[in-house]
Amino acid sequence: MTSWIDVSCILAVFLALTILATNRIVGMIKIFALQSFLLSLVPLFLHADAISGRDILLSGGTMVLKAVLVPTILFWAIRHISMRSEIKPIIGLGTSILCGAALIAVAFWVSLSLRLPGKLLSSLVLPCSLATMLLGFMTMVTRTRAITQVLGYLVIENGIFLFAISLYDAMPVLIEMGILLDIFVAVFIMAIVLNHINEEFERTRGSASRAKWGESS
Amino acid sequence: MEKILLGSWAVPFGEFSFKLDPLSLVFLIAITTLILCAGVYGFGYMRPYRGKKPLGMHAFFYLILALALVLIVTANNVILFLGAWEVMTLSTFFLIIFNDEKSPVRKAGFIYLIASHCATFFLFLMFFLMAHAAGSMDFDVMARSDFSPALAGTIFLLSLIGFGVKAGFLPTHIWLPYAHPEAPSHISAVLSGIVIKMGIYGICRVLWIMRVLPNWCGYVLLMIGVLSGIMGVLYALGQHELKKLLAYHSIENIGIIALGLGAGLLGRSHQVPFLAVLGFGGGLLHVLNHALFKGLLFLGAGSVIQKTHSGEMDHLGGLAKTLPVTSVLFMVGALSICGLPLFNGFIGEFIIYFGLFQGLLGLPLHGVIFCSLGILSLALMGALALACFSKVYGTIFLGKPRTGLKGSSHASLKEAGDLSGKSTAQESACREETSKWMLIPMMVLAGLCVWIGLVPRTVTGFTFFGGAYLAHVDLSTIPLEQVLMPLTMVIRMAFLFLALILGLIMIRRLLLGKAPMPIRETWSCGFAQVSSRFQYTSASFARLIVELMKNALLLRRHGGQVAGVFPGKTQLSSSVHDASEEMIFGPGLAFLNDFSKKLGHSRIRYTQIYLMYILLFLIFLLVWKLK
Amino acid sequence: MLSMTFPVLIHGAMVCLLSPFFLGVIAKVKAFFSGKVGPSILQPYFDLAKLFRKKCVYSGTATWIFRAAPVVILAVMLVLSLMVPFGRFKAPVQFSGDILLAVSLLALSRFFMILAALDTGSSFEGMGASREAFFSCLSELALFMNFITLALLTKSISLSQMIGADIPMSWEGLEPAVFLVVASFFIVLLAENCRIPVDDPETHLELTMIHEVMILDHSGVDLAYMLYAAAMKLFIFSGILVSIIIPVRTGDPVMDMAIFLGGMTGLSVLVGIVESSMARLRLNRVRLLLLVSFALAFFGLIVTLWRA
Amino acid sequence: MLVLLIVIPFLGALAVWLPVRVMFRVWFLCAVSFIHATIVASFWWQRPVPELQGYLALDPLGLILLSVISLLFLSVSVFMIGYFQHEHRGNRILTACILALLSMMTLVSVSYHMGLLWVAIETTTLFSAPLISFHRNWRSLEATWKYLLVCSVGIALALMGTFFLAIAAHDVHTLLLPAILSGASSLSVNWLKLSVIFLFVGYGCKMGLAPMHSWKPEAYGQATGMVGVLMAGGLTQCAFLALIRVSQICYKTGLSGFYASILIITGILSLVVPAVFLLSEKSIKRSFAFSSVEHMGLLVLGLGLGGVGIFGALFHMINNALAKVVMFLTAGSVAQKYGSSRAMEVRGVIHIYPVTGIFLLVALLAGTGMFPFATFHSELLIINAAILSKHYALAGITILCLAVIFIGIARLVLEFVYGKPTEPVLAKKENFFMNITIAAAAVALMGLGLWMPAPLSQVLHEAVALIGA
């Protein structure tokens, strides 16, 4: 069923690109949720012939964590911090799309000479995961809001997840590490949300008479 | 005594070993003498600070400095040398910023620290190149190995930069005129007498290690000597502040030393051993002499400043009456630094001159040209130094006090205005000399100056030995009598001269008889209301020379315009500015500062930019490494 | 040492006795050119004798230096007088490198001269001292330039060799060089002895002068010392110049001495002529004059190097 | 034994959540880190055996790092005794995080599995973040945020790199270091290259190398001195250990040239950048942060140059840690005494706090590598390595940068130490515990500069051999 994997890889990259091109936080979160959902299906595609309990556990867990939990937290955060939904990217959307395209090119160019060993999966896994990572990275670079940067980071993390999945049975350990990263991200997000509130608190105290902390200047 | 190994000591990186060779010996003599005298002087000089300042720390760093100096000249190992070098730099720094509440003092200390530290890094480079070529970190092993001409030249240049900063060669001398005036006087004496000589020592050491150097090295060293010497004394002429003037004179004398060493190097590379020995020997002798008389002068300046709380020459005057003994001692120093007969300065310069004349008769054409250049510049330096010190002595010790100074032993303006040459009450009230602690060391130094001037053979032995050691020739093969005989003649003439002076004084006594001389006021061509402000100031004294050189000295004049039929009060002041500071280092540092400030302001105010750097770096690596 | 005493005495005595005479000659020549009879040729002797009998007056500002200066300066001149060859007659004191001693002794005398001037605290004398310091820098430069040339010509660095014995043969090959040296040295002589066009020894208008203004406050014996020293200085310089100029060396000592003294007289006449035919230059002009003499000497050096 | 070493501090971290007095927690912290130190010290006589089927093992490299870490924590905890005598702020989170950090750093230095290494380093990031925002103002929060952001990106990259490494070591089928090294021949070079790049950038972020350094001045500028010590001396060097592990693999697989070029480029960058920024820096902590960037650059440079350079780099790890103790603790105590660490607000320290003033000068000298401090020797060794490997231009640039950096730091520190004293906010009495800590570190550093103990040099040489240069 490698074709499904191919499709999901391509879609993942495409969605990452759209996130890069979106300028409404809500939209970004939704797209991200979609992407995570897509990726969480990959383990199932992976052994479509004989789906093991572990696969289901993995995909289910991922789905819950990434496609449901994280977006919810983010929505909650937006609501609590009366944050303008408009984002002014430091690089214009058009430019950032072009950069994104360039990054995709780089990713594919890099992975020209690299073939996955062992039981061959789709050859798209490496370039796509790289591309997703770089796009996420690009999102972090171009957006000025803490929350959107978190989104970018989540996209990176999705890229990694995609790659980890493909190594699934080659290296069982790595999955656990990926999950650790997820936990890390969760804590990370909590930290941000807390800090957001904390920052609001400080600002009402008037100690921070500077630009919005969210713009992390 | 080719060299005495004083022993060695194992450390992480190889072994520290000490040795004492003729070269070290000369410097060791200078160090011990001046450190002792200045130390004793320090007792008296620091007395007013007792209780107000941590004098213990001062003394501590002074002793550390002494230790470091001895270590430097006896080190036989690169690491030990560099270590001692750093310790010297630091302890000197702490000694300089004794009065750290004054911002000029801090500035001076900072500039000193920066300059020497940057220079030290050049030394690292140089010594590692050496060690790399020689395959050892020990000097005597290095000396046994031979270097390719290109490498030798590079090392030589590096040493000129690295040691030149400490020695105060132009144009890397800028720290010197800052540090010397701000430090306590006995420290300035040590600074100028010994610390800058360590730069000379380093260069000598390199010359000794590099048995074979390209011919151009000699010329370069000679030219540096000429440049530093002449510019140094010219800047000195332009100064109004006593200790700053003395500082510039140290640059001049360093120039003379470099001239001698350069001549010696010429002789060595052209196989004229006599010239080599004379040049090196003369240079080393001048090292010793300069340590003595410059130390003496700085100590004298110290007593003047302690008495009058001012080093501004144009405010002083007539101190010969207030400080009779100091004035005589200062006179001795002045005579020696001008290289006048009967005093040690003359002996050193005589030997260098002699060597240069030998070069004149013995070298190929370009050698002749450079030697005659050397002779001429020596002559010019001599004449200018004479002008400069007649100015210093005349303005400070002679004539009448120009202004009344706060807490000073001077007639106030009004009293200075009155024409009776008799000292005012205020003056006579506090007409006492400086303390014994300060006088005795100065006397010792002055005595040594005269001693070397009248019995030079006592030291020329050492210095010529050192010279031969540097020239890598056997002293017995050198026709040394050719220069020692003239020296003896010079001494005989000196004694004849003294005898004649005695005789003339006798005659004068005879003619004048016992009757007391009538004392009148100075004849001022019938002009009545002469105030002591009418006297020639140091600036006006030096004016003719300074204006001749005004382009080289960046002379600036402020005010002085008279307007209208009945012009009101106007004032004219002129100042001389250091070209290498104004044109090279100042702008350079300013540029660096602005650059970094700009970056600092445009410093990434968004986290995104941080991330972008990382992304770009990642992509750069990917593209660069995964072709 | 004893072997030296006799020539020493003769040499010294000659300088001491004859030096004022040439001042007289100069004065006479100037008087002649201005169409006067002028004072007797021995007038300088009478002046000195008069001053020696007088007492001194001192300024209250002055210190021991003021009193010491005349002694030192005269002593310097006496020592120098033993180091200068007279034509063929070598100096009783001669050793290689004695020029260095000679020059630095001159410097010593200058140092004390200047200090004595500053000691009085008078602005006029300060002015004179400043000028003296300035001009001597330039003249000393020219002087050394000449010595370098001479040393290259005669391959020796002893006065008696350079200008006494060995100079004549260098007249053969290198007239231009030696001529340039002579010319430049003549200017140096005028400058060092404060003659017109550098300085006017006659007037006593302080503002115009260098040497005279510096000894303005000296009186009596001190002044006598000063003047006597000045006369000797003139004698010594002209002695050097004359022994460079005169190329002939007859074996006979009396003859040689006669020639030498003749040359000295001639030189004094020349100086007299210059003084009476020229006016004193403006100060910055003097600077140029000295630089010219330096340039001449420099040119001489180049010629020498080129020929050699 | 190793497990114990990791578990003890972790339990301690849990224990300090109990409601007890502030000072009690500090003493507890001291006790724990003392125990830790004693155990580590025992390792110098008796190396522990590998545990958890080889996931944990202590080789000379690890031993060096472990001892450094243990020393750091010990000194910091002693310092805290003094610090909290004047500080009136709860220290529950602080002590907890410090103890957790201790256990995690220990894990880093003993983990022999690339994946485990990554996990440990990730966790250190989590625990160090709250430390930065010890002063709960928005500046420190901002700093924390930047730190978290950069480091988390780094972690992501490092994880990716680890994955790639796993692919490269597909035939070895494990990430245990010995296995990888022994099966080095079977690694696929292209994947390895990719993974090396990702690992380098990832761990480089954590280490604060030049293009990835930008979090450092922010974080160190806001963190208290003690935290600064732990980060500049501990965390960054943990990341450096990871880079060393990578270089071990590279040497085995003949990629040393490939890796060295990256290292050298980055090293030079990390020397140039601080040199440029320091000249206009006004806050002492920030300038020390830049100097930390510089030292990281030196470490990487030494590693890249190989030979004597590696020796220098390893030796510099120790010296750097000690120097950082002196620098940041002094900065901390000054900041506590004056309530500021900016140059215009603090002057003439030496007149009011003579000891602290001297410490500031010592910090300057130690930080900029002056004799007789050992940093002098290690910097010399690294420059020497550059010359021995014929990188003359490199040596020149290094020397130039060091000179400029010295200017930058000296300018600032001297402004602090001398001049007309400004009034401190604290009582004019030095604190014994603070000073004794700093003094001990300074003396140790000087001692290393004058005399190197035999066992240390032996371990260092073993470590160099281990890297396989």
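Just so it is clear, A, B, C and D label the chains in written order, and each chain counts residues from 1 on its own.
Just so we're on the same page, contacts are C-beta pairs under 8 Å (C-beta built on N, C-alpha and C of every residue); 3 or more make two chains touch, one makes a residue touch a chain.
The structure presented is a predicted model; accordingly, all values stated were derived computationally and were not measured.
Shared contact partners of subunit B and subunit C are absent. Most remote from subunit B, judged by the distance between CA-atom centroids, is A. Spacing of subunit A relative to subunit D, judged by their CA centroids, is 31 angstrom. Here the spacing of subunit B and subunit D, counted between their Cα centres, is 45 Å.
A separation of 99 Å divides the Cα centre of subunit A from that of subunit C. Per-chain CA centroids place subunit A at a distance of 70 Å from subunit B. Annotation for subunit A: residues 110, 113, 137, 140, 149, 216 touch two or more other chains. Touching two or more other chains at once is no residue of subunit C. Counting partners per residue, subunit B has 607, 611, 622, 626 as the residues that reach two or more other chains.
The chain pairs satisfying the stated touch condition come to A-B, A-D, B-C, B-D. Per the touch definition, subunit D reaches subunit B in the complex via residues 145-146, 149-150, 153-154, 157, 190, 193-194, 197-198, 200-201, 205, 211-212, 214-215, 258, 262, 276-281, 348, 350, 354, 365, 370-372, 376-377, 380-381, 383-384, 387-388, 395-396, 399-400, 402-404, 406-407, 410-411, 414, 418-420, 448, 450-452, 457.
For subunit C in complex with subunit B, the residues that touch the partner chain are 52-53, 55-65, 71-72, 74-76, 78-79, 82-83, 93, 95-98, 100-101, 103-105, 107-108, 110-111, 114-115, 117-124, 126-127, 129-131, 133-134, 136-137, 140-141, 143-145, 148, 151-152, 155, 157, 206, 216-217, 220-222, 225, 283, 287, 301, 305.
Interface residues of subunit B facing subunit D in the complex, by the touch rule stated above, are 11-13, 54, 79, 82-87, 90, 97, 100-101, 103, 106, 109-110, 113-114, 117-118, 121-122, 124-125, 128-129, 131-132, 592-593, 595-597, 599-600, 603-604, 607, 609-611, 613-614, 616-618, 621-622, 625-626. Across the complex, subunit B is touched by residues 90, 103, 106, 110, 113, 134, 137-138, 140-144, 149, 215-217 of subunit A.
Remark: subunit B residues 605-608, 611-612, 615, 619, 622-623, 626 touch subunit A in the complex.
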